[in-house]
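Next come two complexes built around chain A: one with chain B, the other with chain C.
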Partner chain A sequence: MEAFKDKFKEEAKELIAELEHMVLKLEGNRANKSIVEEVFRVMHSLKGGSAMFGFSLIDKFTHLLENIYDKIRTGEYQVTDDILDITLNAVDHLRNLIEETPDTVAQLEKENNKFIEQIEIVLSKGALKSDDFKNNSDDDKKVSNHTKTYFVHFEPSSDFFQDGSNPLFLIDDICQLGETLIVPVYSKIPKYEKINPIDCYISWNLLVATDDDINAIMDVFIFTNKRSKVEVAKLSDKNLLAEKSHRKILLETLLKNHADLFEKLSIVVPDLEKAQNGNEQNTQRQRVQSSHSVEQTIASIRVSSEKLDNLINWVSELVTIQAQLSLYTQQNQHIGLAPISEEIEKITRRLRDDVFSIRLIPVSNMLTRFQRLVRELSHELDKDIVFESRGTETELDKNIIEMLADPVMHIIRNSIDHGIEESTEERVKKGKPAKGKILFNAYYSGTNVYIQIIDDGKGIDAEKGIDAEKVRAKAIEKELISPESEISRKELFDFLFLPGFSMAKVVTNLSGRGVGMDVVKRKIADLRGQVEIDSKLGFGTTVTIKLPLTLSIIDGLLVKVDNINMVIPLSSVHKVYEYEHTKIEKAINNLILADDERVPILNLRKYFNMTSPPPPLERVITIEYGDYYIGFTVDEIIGEYQAVLKPLGSAFKEQDFFPGATILGDGTVALVLDSNKLIELFAKTEVKIGN
Partner chain B sequence: MKEKHKGTDTVSKDIQTYLSFRLGDEEFATNVQKVLNILELKPITKVPHSPEYMCGVINLRGNVLPVVDMRVKFGMEKIEATPDTCIIVLNVDISGEEVMLGILVDSVSEVLEIDEMLVEPSPSIGTRYKAEFIKGMWRQGEDAFIMLLNIDLIFSSNEVVLLQTKTEEAGEVEEEE
Partner chain C sequence: MEKKILIVDDSESIREVVSFTLENAGHEVVKAIDGQDALTYLDGRKYDLIITDLHMPNLNGIELIKRVRTIEEYKFIPILFLTTESQTAKKMEAKEAGATGWIVKPFVPEKLLEAIKKVVR
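Moving on, here comes the complex of A and B:
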């Protein structure tokens, strides 16, 4: 039972997250019935599950919430701010309820009762409000679920115009009721010489799909004179006009203009109805059903991440074996082996791509909480801010997304708190739209994913002014720079990532306590990513995060140092040079000249305490490190290599600069080098030596 | 004395199967339950800046397997590999975590059925190795002893050899991390 409970908890958490997402979506799109249906469905599943597994508090609670949305669904209530607020609070409350333990039950129960009270208030208020909104709700009703199709034949009497009536107005009125298919009948129009301009000759056959009843249609014709002919009959209990192909069939029937048109239509209808039933994708009716049957909406299968990891491990192994096979094929000219090996290579590559993509999920998965954050924080700070997102389909490894949420949260918090101006007047004065904007932008570039958080707020004054002075003063105080040194724009922004630097003028309970960007930077560095700030005074601030696509594959340059194969991430490799060993040995102050630039070198042989004699000709790879280049000396460069990263295991946990290893085609192991870490460590030891 | 008591505790009536191996002139054994595989020596990739006793890593069916040089771990001198040198793949429990690990030994000897009733506790005084790493001694033949290892504990600690013995042995001195 416990195992089932855990499973339910996991599922419930997802449902709650989905609920949150849907409610936020509803906020921007209040009239959308399908979102309300979705909210309702999620609540319903949550209720059902919790009742089954004995989470009675959740059961009762969601039941109440469900009541609200049931009423919204039927059009009795309108979506109001109150309802949205309470639902979002309820989402948080539900999260707590899921984690209920015997110790917290009393407290939760108290909260629960408080919430129930609030909901009841909303329910009573909602009932009052719903009347005022009745009118606009009519519009939304049309696409609701109980749509029926009616046949209408309207034949105005010839003196129809005499009392100032216009048949077209009536037709328009019918169009207001729902979807229509209208065919005018011109057959009674006489020859031109015989036309009496004050007589009406035209009649109409039309089909209307509406959820109003037959009376509503009759009401349209209530003021027509008795001599006009009006026939209204129900054709079907379904909306036959939703499907284009059906419309066409019906139109054809209508155009034939039979005397007994209704009978003719009735013959066609059963077929269409059947077709509609058979068609799973069909919209209107399915929507009602979706609240009852979850099966239809399942587009994915829940798989434990352990199974997934196993799968990935096996595929990695396959990739390795395949590389061995390719190597063997190259070395041994077996007739017939080459095409097979090639085929396997192709399939393996596709398999690998697909399997690795399983772990990738779109970044939209983490947007809900940001949306929520912006919504709540902007209320709290009384700022008017919209949150927009772009490129949300960009995919990233699930682990990366999970670890990324916190730092991004922090950045957004900063943007809301310090970025966006305090008042709308201030914005308007600067000629900006009154509403502040925070944009979350994600995109691919090469083997990296970039995520940007852009606000259109105050920005940071990097050139001169208070901000720059403040940072300078702080840097001097911390003895990072000497009072007379100049700092560049980029350096200034980089300082913001150091502990103790904050742009906040006031310390709020949100941010500005000096713990901040340094933590963000560290967390992103843990993901092998980089973060940068750019800002323009008066125009806003952009924080850019650069991340690897996945944590398990690295595009690298395979090199050899004293017979040890190493992979250097290609992303940080700049250029490769060739030098005689003696030149490196004699380099003054550890600097060599590469393309007319002095580049400090890191002799890997020396640094790794390797004793074997170096080759006469060594390679120097310049590695990008921030704004600088640092040359790594290696014995030999083998080529590009796509490394499947394997952990080195706990036996090497003090090994900072080798995040892992990879297996080469010949079955040997190559170490993967984290060049950034290595340079950092190297810089530290160098300083020690210098002192 | 405490350690001695512990040693006797672990002795049970069961007959246990052990795999014995040789390091220099000494014979050691580990419970076969811990043993996954015995491999011929294959090229080992050295990992720079790692402890002396870590030989490096090898490829074990697509996974990276760390290999420990047991000679160095037990304070003996490093030697050139012989045709008998092999790697025993073990599944050890390092502070609650299952870890796969290879150990480099001079040769693998045999599989022994050992009646644990006959296992003598290791004396806690006068031995080269810390008593907690030795589960007990098992007499083989007249005057040959096999040391039964407490393999999980050995890899949870950097120090296997008692400090005073190490200074006596002027050979390999392990560095403290």
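Moving on, here comes the complex of A and C:
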């Protein structure tokens, strides 16, 4: 059971996330029945599973929630802000509950009770029938200590056996509900010679004392055919079967088998009840109503990420071997081998693309979190903001999405806090819609994915004015620029990504939240991505994040430096030039002229302390770094190469400009160079870029 | 008695628990992740029993039961569904769709096997 429990935990986490997503969706379309159905279904699955695997707190809790949504479903309740708030808080609470440990159980239980109280308060406040609600939950919990006594008359149709039913099973089921007093009626059994062995002649009169309600008894008979007669009625709110003497009286009455047995029983009941100091008598029959549900989600199979990683690993191996095969085919002219090798290359490529796409998930997966953030923070700051998203089907590697969520949260937080105007009046005065807007936009471009967070708030004054001056002052203070130098718009925005330039401190006086844009930039750089800000005063701010599609394959340029293979990501390669070595050696200020532009050079041979003499003709690859180009000198260029990234051993942990390596067709290793990291490092130690 | 049983549930953990219990009891188990998936397994192969959840995406349990009953080979196959106690209305609906009986969630292995014994001979 323990093993299943872990599996359920995983499942529950997904269900909770789905619930959160659905509730947020419901907020926008309160009347949408199918969303309510969906919320209900998710809660129900959660409840069923938690009861199954012993998460009793979740079971209790979701039960209450489920009741609310059941009532919304039947139209008894309306979706109100209070209900949505409670449900969303509940989502957070559920997340804690699923992680319950013996140590935290007491604490969680306390919270649980607090929550249940809250729910009840909200419901009673909302002019809803809270009594009804409470009763309902009490009934279901079976905590009501009253045991009631029911009368049941069961008369199976004569063909009852024919659909494989057995009336004794039903009687068994009744016995499981509580104490019983059962009297079979044999009067209809014909003479032996007239008995048809496939017919049922017996009926039953019985009393059952149970804590369950009448539905539990009705349920037992749900599957009897329509021709069978079933009567269930409450005889007393007391347990009449507890006392032996009472049982005897009742048994006698039952044995008489009157046509109006229930009435006859009812006559004796008051006396018996009186004997038990009770005087209530109530008879009720309950009808069952049916409801319909519509359900929809996308079909998918869940596979453990470990299996996926293995698969990807094997495909990577296959790609490597395939490259070896191609090389061998080129070098050895075997007749007939070339077409086979080509075919394998084609299939391998398709296989690789398909397998790698398995890891891709749509960005919509992280949207719920942002929606929550916008909702909660805007409430907190008393701003009216809508969150919109576009291009949510854009897919990214699961790992990237996971690591991306935090920085994007930070950007959105900034937008809400500092971007959107303090008041709606301020917005209206500027001729903008009263509601602030934050747009999450995702799209593909080439082998990259772009994600933009666009707000229509105040924007940053880049030209002159307070913001620009503040940034300038800060930059001068940090000795990043000299007091005389002009800074461009672009540079100004770039400064915002440096430590100490947090938007909070610059744009408004509100304090930052500990994480500045420098951290955002670093986190995105870890994903081999880039981030940029653009803003127009009065119109809003756009933050654009550029990301690679996947982290495990790099389209690169294979080069050689001192006989060592290196792969430079093609996305940052701009152009390749050829220079005589002496020209590079004599370059003034380490700058060379490429297409009439002065470009600083990073001599890889020198940088990595390679001692062998360089070839007379060296290649310079210009690498894009922001708006500048940096020239990397290499010995030889071999060509384009799709590198499957393999991690380097722990001996290489101390550096981060070689994030990994790849195995070439001939089995040799090529180091994959992270040009951005290298340039950053180089810029820190050697020259100032762009000046 | 070794039986071939089709389990339909969108929750992997429930699916595993049920199949674990049944396999331990010596039955052969086929698993489907929802109603739609289940129909692909109902292609004429012989089963002794179908156990299905009611709340599932794509094709829910009720719809599945209705569809199964329209297939000639499975007209009389016993179908049990999994349900929680609070859902009387659902039970009626499932019954009308053609279910044979139900198993209340949460269940213990013995209960499950007992319920199966009642419908499979």
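Just so it is clear, the second predicted complex is superposed on the first by the 496 of 691 C-alpha atoms of A that agree within 3 Å, B and C clash if a C-alpha of one lies under 4 Å from a C-alpha of the other, contacts with A are read in each partner's own complex, and residues count from 1 in each chain.
Following the convention adopted for this analysis, contacts are C-beta pairs under 8 Å (C-beta built on N, C-alpha and C of every residue); 3 or more make two chains touch, one makes a residue touch a chain.
Only a predicted model underlies this, so the values are computations on that prediction, with no experimental measurement involved.
*Asks:* Hey, is it chain B or chain C that touches more of chain A?
*Replies:* C
*Asks:* In the superposed arrangement, does A:317 touch chain B (first), chain C (second), both or neither?
*Replies:* A:317 sits against chain B, while chain C stays out of touch.
*Asks:* By the touch definition at the top of the document, which applies to A:7: first (chain B), second (chain C), both, or neither?
*Replies:* The second partner, chain C, only.
*Asks:* Contacts for A:357 in the overlay, against chain B (first) and chain C (second): which applies, first, second, both or neither?
*Replies:* Neither partner.
*Asks:* Applying the document's definition of touch, where does A:668 land relative to chain B and chain C: first, second, both, or neither?
*Replies:* Touch status of A:668: first partner only.
*Asks:* Which holds for A:610: it touches chain B only (first), chain C only (second), both, or neither?
*Replies:* First partner only, chain B.
*Asks:* Please work out whether A:647 is in contact with chain B alone, chain C alone, both, or neither, and reply first, second, both or neither.
*Replies:* After superposing on A, A:647 lies in contact with chain B but is clear of chain C.
*Asks:* Who does A:49 touch here: chain B (first), chain C (second), both, or neither?
*Replies:* The second partner, chain C, only.
*Asks:* Does chain B (first) or chain C (second) touch A:162, or do both, or does neither?
*Replies:* A:162: touches no partner chain.
*Asks:* Of the residues on chain A, which ones does chain B touch that chain C also touches?
*Replies:* none
*Asks:* Under the touch definition given earlier, write down the residues of chain B that touch chain A in their complex.
*Replies:* Those in contact with chain A are residues 43, 45-50, 54, 56-59, 61-66, 68, 94, 97, 99-101, 155, 177.
*Asks:* Using the touch definition from the top, list the residues of chain A that touch chain B in their complex.
*Replies:* 313, 316-317, 320-321, 564-565, 607-610, 646-652, 654-655, 657-658, 660-661, 663, 667-671
*Asks:* Would you pull the chain C residues touching chain A in the complex into a rising list?
*Replies:* Touching chain A from chain C are residues 10-14, 16-17, 20, 33-34, 36-37, 55-58, 60, 78, 82, 84-86, 88-89, 91-93, 95, 99-102, 105-107, 118-119, 121.
*Asks:* Going by the contact rule set out above, which residues of chain A touch chain C in the complex?
*Replies:* Listed in rising order, the residues are 1, 4-5, 7-8, 11, 41, 44-45, 47-49, 51-53, 63, 140, 164, 166, 169, 215-216, 218-219, 222-223, 288-293, 295-299, 301-302.
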